[in-house]
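Following: one structure in C-alpha cells, then a few remarks.
Labels run A, B, C and D following the written order; every chain starts at residue 1.
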C-alpha cells in the first residue's frame, strides 16, 4: 500500500480527512478521536468518522445534527461511525483507510 | 484527571498553563505515535506558529516556515510537551514545567529585551497586586 | 434546544478556510500535496460568489448615475444652511474665529470637489459668497459678515 | 456595598464608554438626514448589545475565559482565525477613526489641522495605556465621558416632538434615499454593537476576578449601563434632528455635526461637543487597542492583562502598540475621518454575525457556563438581528461607496 511508514501522525491534520474502507468506498471524514488514560499514557481507542461533511465544513456540525434530530431525523443516521483504533490504517495519514468494510463495522 | 478524552474537544486548541499558572500558548497540535501492532498513543502536545499555519494549508505553512527560519527566536520552532508532564486537565491543561525558562516564552523575552523593555516606563508600569 | 449537541465533540472547520481565502490552495498543481476531494464544490462556491458580486456591482453602477445632480443640489442647500448657521453663531460670538474659518474652508473644499467635473451656477455663486464670508470673518468685520449672511439666504 | 459600587461603575462606564466617534457620527447623520426615523436602529442595537454584553460577562464570570479564548478552544483555530482577522482589520480602521475624532476635537478648539495632531495624539494614547492601570483607564474615561450628558441637556432644552420621536422607535421604510437610509441604519447597528466592547468587558471581568456571585451585578450593569448609553446616542440623534434637519443640513463633514449644540447651549455648545468627542474617542481608542491585544493574546494563548508587568506580557503590549501605530498611520494618509468612520461602522455590521454567532453557541455550552446557559429568546433576538444587519450591510456598502461617495 504505502511505501514509507510514519510513526508520528499529527492529529490536527487528520481532522477532516476523508476515510475510505478496505474496498475504497467512502466512509466519511474524521471528526474526533477518543482516548483513554492508562497510567502515564494516553491511548487512542476510537475514531469518529462523520458523514455530514457539509456541516463540518461550515462549523455547524453540532447545530446541524441537533436540528436534524429536532426535526425528526433518525438518531442512527446522524451519528458518526465509531471506528476502533485497530480498524484504522494510518500508514498514509493523508489517506486513512479502514482495514475492514463499512458493513463489518455496522455488524459489530 | 479524567480517564476518557475526546482529543479534539478536550485537548486540541485548549490553553496550556504552567505550574505557576502562566499561559504558555494554546495546544496547536497533538502528536500521535502510530506503529503496527501497537495501540496508537498521544506522545506530545505541541505549540507554535508553524503548526498553526499548517492547519490553514500549504501556502500558509510555507510562509510560516520562511518566517521562523529567518526571524525565529525559539531554539526549536515547535514547543513540545510530553504527555507525561500533564498534571491536570479541564478547560485549561496544566503542565508541570517552569514556563518562563521554557521555549514558549522565547518571544516574550526577546520582545522584552529588544523592544518593549527598552521603552520608557515599561517596568514601573504597574505594581503587582 | 442546542444544549445537548455539545456533548459529543468540537465543531471543526478545516474546510472553510480555502473558501474564505479564495484560491489560496489549488492542490492539483503540486503532486506532493494531498488532492482536495472538495475542490470541485469549492470552485462552484467561488464561482457563485463572483457572480453575486458582479450583480451587486452592476446594480450599484446603475443606481449611482441617476442622482448626481440631485445630490449636488442637496449638498448646496446643506452647505448654504451650514454657512448661515456659522455666520449667525459668529455674529453672536458663539464660535471661535478659527472654527468658523475651518467650516467655510470645508464648505468650499467639498463643493469644489463635487463640481470638479461639472459646472453649476448655484455652486459657483455659493463658493463666491463663502469667499466673501471668509474675508469678513477673517477681518472680524461684523457688518460684512451680516451682509454675506444675507446673500446666503437669497 | 462593593456590589453597589461595581454596578455604579458599570453604569457610568456604560454612559461614558458608549459614545464614541462611530455612534456620534452615525447618530448625527441619521438625525440630519432622516429626523427621528432611525431612532429604532439605536434601540434595536442596544437591545442586542444588552443581551451580548450580559452573555460576555456571564461567560467570563463562570468559566474565567473570555470570548476569544472560548471560540478558539471550542471551534478550533481554523475557524477562530476568520473572525479574529476580520476584527483586526476593522479595528485598525476604528482606531484610525477614533484617533481622528480626538484630532478633530482639537482642531475645533485650536484650528490646527487633523494631520498635525495625529502623531502627538497617538503617542498620548499609547502613553496612557502604557503607564495606566485598567481601573484608571475605565474610571477616567467614564467620568470624563459624562460630558456627553450635554447632548441630553441640549435635546431637552430644544423641546423635541415626543410623539414623533416615539414613532421613530418603530422601524419604518424611508420615503426617499433608501440606500443611504439603510447604510446609516447598519452603521448605527455597527456603532452600537461594537465587537471590541465584548473583548474589553469580558477580559476586564476576568482581570477583576468576577465569580458566580457577580452574575446579578453583571445583568444590572448590562441593562442599565447600555440603556443609559443608548440615551446619549439618541440625544445626539435628536439634537441633529432638531438643529440640522429643519435647515436641510446633511452631515458631510464633522464641522457640520459640531454645530448641533450651539442653538441650545450657545457659546458652550462647541467646547462641549469638542470635549465629548475628544474624551470619548480618546477612551475608545484605548479600549479598541486593548481589546485587540486581549483577543489576539487569548486566541494564541499568550499571557495577557493590562494590570500585569509588561516584561511578563511583552507580546500583549506589542500588539496594542502596533494597532495604535497602524491606526495613526491610516489617519496620516489624509483619509476623510467621517467617511472612514462610516465605513468602519458598516463593515462592523458585516462581520458581526461571524463574531457573535459562535458565542451564542458557547453560551449554550455547559462546559463553560454550567447551568447558566442562554434562554431561547436571547438567542433568537441576537441571531435574527445580526444576520439581517449583515445582509443589509453587504447590500448597502457597495451602493454607498460608489453612489454616495
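Things to note:
Everything that follows uses one rule, which is that a contact is a pair of C-beta atoms (placed from the backbone, for glycine too) under 8 Å apart; a residue touches a chain by one contact, two chains touch by 3 or more.
Remember, predicted model here, so these are calculated numbers, not experimental data.
Taking the mean of each chain's C-alpha atoms as its centre, the chain lying closest to the overall protein C-alpha centroid is D.
With centres computed as the average of Cα coordinates, no chain lies farther from subunit B than C.
Taking each chain's centre as the average of its CA atoms, subunit B and subunit C sit 44 Å apart.
Subunit C and subunit D have Cα centroids lying 20 Å from one another. Between subunit A and subunit B, the centres computed from C-alpha atoms are 26 Å apart. Of all residues in subunit B, those touching 2 or more other chains are 6, 8-9, 12-13, 28, 55-56, listed in ascending order.
Counting partners per residue, subunit C has 1-2, 6, 8-14, 16-17 as the residues that reach two or more other chains.
With touch defined as above, residues shared between interfaces to two or more other chains in subunit A number as follows: 15, 31-32, 59, 63. Contact residues on subunit D toward subunit C in their complex (touch as defined above): 74-76, 78-79, 81-82, 107-111, 179, 243, 247-250, 252-253, 255-256, 258-259, 262, 266-267, 269-270, 361, 364-367, 373, 376, 394-395, 398-399, 402-403.
Note for the complex: subunit A touches subunit B at residues 5-13, 15, 31-37, 40-44, 85-86, 90-91, 93. Those residues of subunit B that touch subunit D in the complex are listed here as 8, 12-16, 22-26, 28, 47, 52, 55-56, 91, 107-109, 111-112, 115-117, 119, 121-126, 128-129. The residues of subunit D lying in touch with subunit B in their complex are 63, 65, 69, 72-74, 76-78, 80-81, 127, 130-131, 133, 297, 299-304, 306-315, 317-318, 321, 367-368.
Those residues of subunit C lying in contact with subunit D across their complex are 1-3, 6, 10-14, 16-17, 20, 56-57, 59-61, 63-64, 67, 74-75, 77-79, 81-82, 84-86, 89, 92-96, 98-99, 101-103, 106, 110.
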